[in-house]
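Take this structure, written in structure tokens, and hold onto it; I'll ask about it next.
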Amino acid sequence: MATKPKGRAGTIKEPVITLSAGPVATYPAVQRAFAAPVQYDFDPWFQDFYEQVAKKAAKAMRVRQPALILQVEPAPGIEATAASLISSNDVVLNLASGVYGKGFGYWSARYHKEMVEIEVPFNEAIDPAAVKAAFKKRPDIKVVSLVHHDTPSGTINPAKEIGKIVRDHDALLIVDAVSSFAGMDIHPDDCYADVFITGPGKCLGGAPGLTLMAVNDRAWKHIKKNKKAPFASVLSLTDWKDAWSKEKPFPFTPSVAEINGLDAALDLYLAEGPENVWHRHALTAKATRAGIKAMGLALWAKTEAIASPTCTAVRVPDGVKDSDIIATARAQYGVVFSSGRDQTKGKLIRIGHMGPVAEPIYATVAVTAFGGALRKLGKKVDVGAGVEAALAVIAGGK
Amino acid sequence: MATKPKGRAGTIKEPVITLSAGPVATYPAVQRAFAAPVQYDFDPWFQDFYEQVAKKAAKAMRVRQPALILQVEPAPGIEATAASLISSNDVVLNLASGVYGKGFGYWSARYHKEMVEIEVPFNEAIDPAAVKAAFKKRPDIKVVSLVHHDTPSGTINPAKEIGKIVRDHDALLIVDAVSSFAGMDIHPDDCYADVFITGPGKCLGGAPGLTLMAVNDRAWKHIKKNKKAPFASVLSLTDWKDAWSKEKPFPFTPSVAEINGLDAALDLYLAEGPENVWHRHALTAKATRAGIKAMGLALWAKTEAIASPTCTAVRVPDGVKDSDIIATARAQYGVVFSSGRDQTKGKLIRIGHMGPVAEPIYATVAVTAFGGALRKLGKKVDVGAGVEAALAVIAGGK
Amino acid sequence: MATKPKGRAGTIKEPVITLSAGPVATYPAVQRAFAAPVQYDFDPWFQDFYEQVAKKAAKAMRVRQPALILQVEPAPGIEATAASLISSNDVVLNLASGVYGKGFGYWSARYHKEMVEIEVPFNEAIDPAAVKAAFKKRPDIKVVSLVHHDTPSGTINPAKEIGKIVRDHDALLIVDAVSSFAGMDIHPDDCYADVFITGPGKCLGGAPGLTLMAVNDRAWKHIKKNKKAPFASVLSLTDWKDAWSKEKPFPFTPSVAEINGLDAALDLYLAEGPENVWHRHALTAKATRAGIKAMGLALWAKTEAIASPTCTAVRVPDGVKDSDIIATARAQYGVVFSSGRDQTKGKLIRIGHMGPVAEPIYATVAVTAFGGALRKLGKKVDVGAGVEAALAVIAGGK
Amino acid sequence: MATKPKGRAGTIKEPVITLSAGPVATYPAVQRAFAAPVQYDFDPWFQDFYEQVAKKAAKAMRVRQPALILQVEPAPGIEATAASLISSNDVVLNLASGVYGKGFGYWSARYHKEMVEIEVPFNEAIDPAAVKAAFKKRPDIKVVSLVHHDTPSGTINPAKEIGKIVRDHDALLIVDAVSSFAGMDIHPDDCYADVFITGPGKCLGGAPGLTLMAVNDRAWKHIKKNKKAPFASVLSLTDWKDAWSKEKPFPFTPSVAEINGLDAALDLYLAEGPENVWHRHALTAKATRAGIKAMGLALWAKTEAIASPTCTAVRVPDGVKDSDIIATARAQYGVVFSSGRDQTKGKLIRIGHMGPVAEPIYATVAVTAFGGALRKLGKKVDVGAGVEAALAVIAGGK
């Protein structure tokens, strides 16, 4: 069978179309930016460039303070947030509607005094009323953690409503918006996030390897008070607090090539217009859901209202294995899907709509490859009906 | 509406998926190769590199003599062939089954003594028997010109059979295989081509800007005898005859970046295995044709046997305009098709299956976008049936 | 010995620093632009992009009409100019101060009625008074051809003065500014050029493969009258006259990747500021000349006033061969120089100062590598003095 | 003033030549590799690719076990090593001959039971006899930490001799070879390193953002016994232990683009031949040192024998400030040098010879720009003599 391009390791044929939940296919302009010279981090050019990128990221996040950029992908970025923000005096409210939400509790446990948890089935969303109730019961809650889009479930939590409640109770809110930001209308201030965490490798269509954060003064104040907050450490937010400024040195070497790529991803997002970008994410997801349902398959999300516009989770039908669907779609069509993670593993398959593949035509690709793979595995599915349903949504245009 | 990435001129959104008849989407590895440093053409490194690329192109064409590379895209490459090969003593047999075949006659007319032409309707192929008959009538035919794949019609001529006849009559054969080579089983020697012309911008998935030729000794001998064959000219084949050799200077500056890209395109083709490459071109075309027919549309080619595996021409249905179909597919789905050219303009639409989009999943994309566009324009088409038919072919795998 | 990077043909080590007379080292941003997707030339995005690039090139050339872009490097571009502009009624005045100037006469001879030639030794420049005298003697001169920078000599002709004389006599002027434009202050209108020819592969720091032209109405009028002006040909200017417009089709496929690269090269030139770009070319050349002279070597140009700011030609000292100097500098330092061409071959060596290497530090590199190579070949040269002299110029800053 | 290329943030002109101590200028082939598509980390293609890259890194390090790749640049990679390897039962011997060596002690202090330190002036190297003596005094030393090339001093420690002693005493050895590996003959096994740490952003000519490690079974055994060794953490080595295998999942998302770049950097290193690479690093450093001394300047290293072949530290002459030298070389020549760090800051300037600039011609560039800057600042330096001395070394060829 066909093999690798010369000059690149790997003996398997690269995919044709990647519809993963991330890392996602990158925009061509991002790839070109990655090819830029790696400039010396202490040179004034790079120090100025970094400041401008941090400001551009802030512009995209619609905050005034230049973005805090950590030189790690968002998972360790979130770990660093837990390490830096949560002190041994803090009662934490962990909101768990999925694998990532649940997982934050384990990091939190290393640092907090006590944790209160609201957990819902992993195909549901957190109810703001439950958050309100939790505060009533435990007014000493100091830090709340919320995953906006719990990617392993493809579900969205009502961050804006929850954020309002948290702020009203004067607690600090961490929002993991890694796979929702830039694919839908979510920003630090509109959800009252004190620490807002995202990255370039999802809806921005960039590469993984950095964490973009907006940390407000309330959070910095709390971090400052935290005697055990890491410093001189990859887990430290403090180390990088002022690193955006061209006047300040970097605590360790920034990932220069990643910054080059981020710059381009932000340019694309701002130039296209965030509303336009969100629209094509939403339309692609809606068309995908219509197609999936028309083939007689079930969405994972309990209600379509909480289904993510950036990733569609499909319940694995009885009698087939998730890994067989993924392998078959890959082998027959070169199309890549994502499986679930941990508790959702085996139960759902995820179709990403992030960055360059958040384009309606890919909804029909997804439906075709998903349905075609199921048929190959012996399931009766009406792929034609699926494509027609997706097309009807696309024709509607919203 | 969405706009251009910063740093690149253009105010229109770039397409999502290009299924054109060429220039085609390039392989990512070709794009990276284009980013290589532009080395000085007189430096030993580049002279050696050029020789190796010329030899690699010969390997791909399955000839022994290093390829003749002209620093122009194939249209002027063919013009240069006419100018160099055809002398004022030559009777030319022009085989016209399409716009490009017909067009060669006009170039020929500048140089030949007399022209005999076999012309068939532009949805048919040349009959080898007619060629045989022409030689019987005019045994003084010296040069024969054949377009293997007349791209504006998406039809294939029986080059191997015709080539045998031409050689048997000791005439010289020019074969334009620009848009068939590397997408199907066609090489200079198996069709007895004395001058075989192709380029990197079609099935090789490279960029336009070069002509790749295999010119055999019979042809060089004829060119040498042609007193009016151009020299010190962009129309000269002779100037570039020995330029492949690292020991010989270039007559004018080669297009260094294009050579960088060509090198990568050839590497990919040879590494994947030509047979594998042809197979995915053929399967994609077959699936596309099945889908098109299942939607009740007609192929342009009179018989499916002559439909090209690298480009599917679809007859424009009554009551709609080709330009509206193309514009609608572009606007709704970001999918790009090609119109016809000259005499086929307005009558057909072309769906390219060349290079990186010669992958079966793109057959379903083509069918979906084509059908969806027609429906938007008020035609009743069963897109679902089209996709199903395409899937059935893909599932069959051949 | 060290060998090639995997994935790129070639068995010789690539140079470290290229100081050639062109093709030159390209700017990194140009290389990245070359990696952009190759869009379909009939797609509205590309048609719009092409128009914008043609307008950007016009802006750089300081003319109003979008640039005429030919899809060939400048040598065939000049051939096409001769073919298109010069009719069999035309008396041509050919100004030959070097190999390229002399060479134009051979192309002209294919088309003109008669040629008058002013030839000076190839280390001198054309005297405007001689041009005036020629017109006095032959008032029927219709077309004048001038090479502004005769690259094989590294000398500059007084284009502005000569242009004024030509215009005053109502003749048409062709100016070859291929290797001077964008490296010094020369534009079509300030030298009264009716056809001004340049390209991206020299001082713009782009790749070879395109010709950029400014053709004014006087020239187009003359071409229109020329019954033998080529059409449907790579030698035709007419074919491409309106191709800049997004409303007009291309006569044949443009070199899409080259247009991508050109766009970036023009952006860089305009963003840096032409005056800044010219300044660093001039300063680098001046420092180089100072260093060369301080080592006891002789410039090729008869007077320093006519030495090009984009290329320094150095007389080959007695007792050594040009090819040995070039090979030694390459082997010891990885530094690439250019030899002469034809009549200047063996007599001089050229050090390019074009595009990214038009930076003063490269003057010291050139002096060091040139002097070091000579010493290796047994000549006594004071390299230290050469570097000091170059540094003194750089310190002066102009 | 010259400005930024469009499409890239930053308002300062990018440097012309970067001779930093890292991040260093990257090889063009690495930059192209960075432009490759970002593939999904769970796709079989990427899992296979990652395994191959890990094996290629092992080949470069001359160990059998696939390399441990951490998705952070080496500083946090070293922090993670301290966190994972050093337990609260361990007595650590910290060898401090520079800023980085000294700094390790602070990380160690978070985890160890007790630390013994051998500190020498920061322009000297650790004496193996002192290590032997330390073991004699404290046979309970369990972990030894050594920086092979303490970059802020540009000095090399005798890792092979020290390693032998450590192994003889059955302690574990951490070797930080970040800025020496791939620029000279140093590998895990020849210095008895149990944990060997390097990265792509120095002598490999790649980008920062990854840590490459060779961890042997002795070290893994110790980590396994360390109850407090981090897991589910960016500080964990254990998490990534088996991630090289295509059969094993990644603990968090790897930096896909960085892996693409690393692959190319390793290819280049292995294709050129390590011995060839080391040779040009050594020759460039030697020529630089000769030039610096000939200008009457002093090397920072107490003896030239311990001066690094990958970075030359020059003592800042009296009466000038390091930052002025750096700024002047940048402004006049576009040449970038590095300052010292912490205790060496202000006292020395570093000239990097790593990756693509480890070419002898850059020794003359360094000498010229360094000397030229000093002269501009009012110091009398004989730049000519400096260049001559460098040339003499280059001519000698070793």
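In this document, chain identifiers A, B, C and D correspond to the written order of the chains, with residue numbering beginning at 1 in each.
Note that in this section a contact is a pair of C-beta atoms (placed from the backbone, for glycine too) under 8 Å apart; a residue touches a chain by one contact, two chains touch by 3 or more.
If you're wondering where the values come from, they're calculated on a predicted model, not measured in any experiment.
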Pair of chains joined by more contacts [C-beta pairs], C-D or B-D: C-D
Interface copy of A-D among B-C, A-B or A-C, judged by whether over half of the contact pairs recur: B-C
Whole-Å gap separating subunit B and subunit C, where each centre is the average of the chain's CA atoms: 34
Interchain centroid distance [CA atoms averaged], subunit C/subunit D, Å: 43
Centroid distance [mean C-alpha coordinates] between subunit D and subunit B, Å: 51
Touching two or more other chains - residues of subunit A: 5-8, 13, 28-29, 31-33, 35-37, 264, 267
Residue ranges of subunit A touching subunit B (in the complex, touch as defined): 1-8, 13, 16-17, 27-29, 31-32, 35, 264, 267-268, 271-273, 276-277, 332-335, 359-362, 364-365, 368-369, 372, 375-376, 382-388, 391, 394-395
Subunit C to subunit B touching residues, read off their complex: 7-15, 18, 20, 22-26, 31-46, 48-49, 52-53, 56, 71-73, 75-76, 79-80, 106-107, 201, 207-209, 232-235, 252-258, 260-261, 263-264, 267, 330, 336, 338-339
Parts of subunit C lying in touch with subunit A, wherever the complex brings them together: 5-8, 28-29, 31-33, 35-37
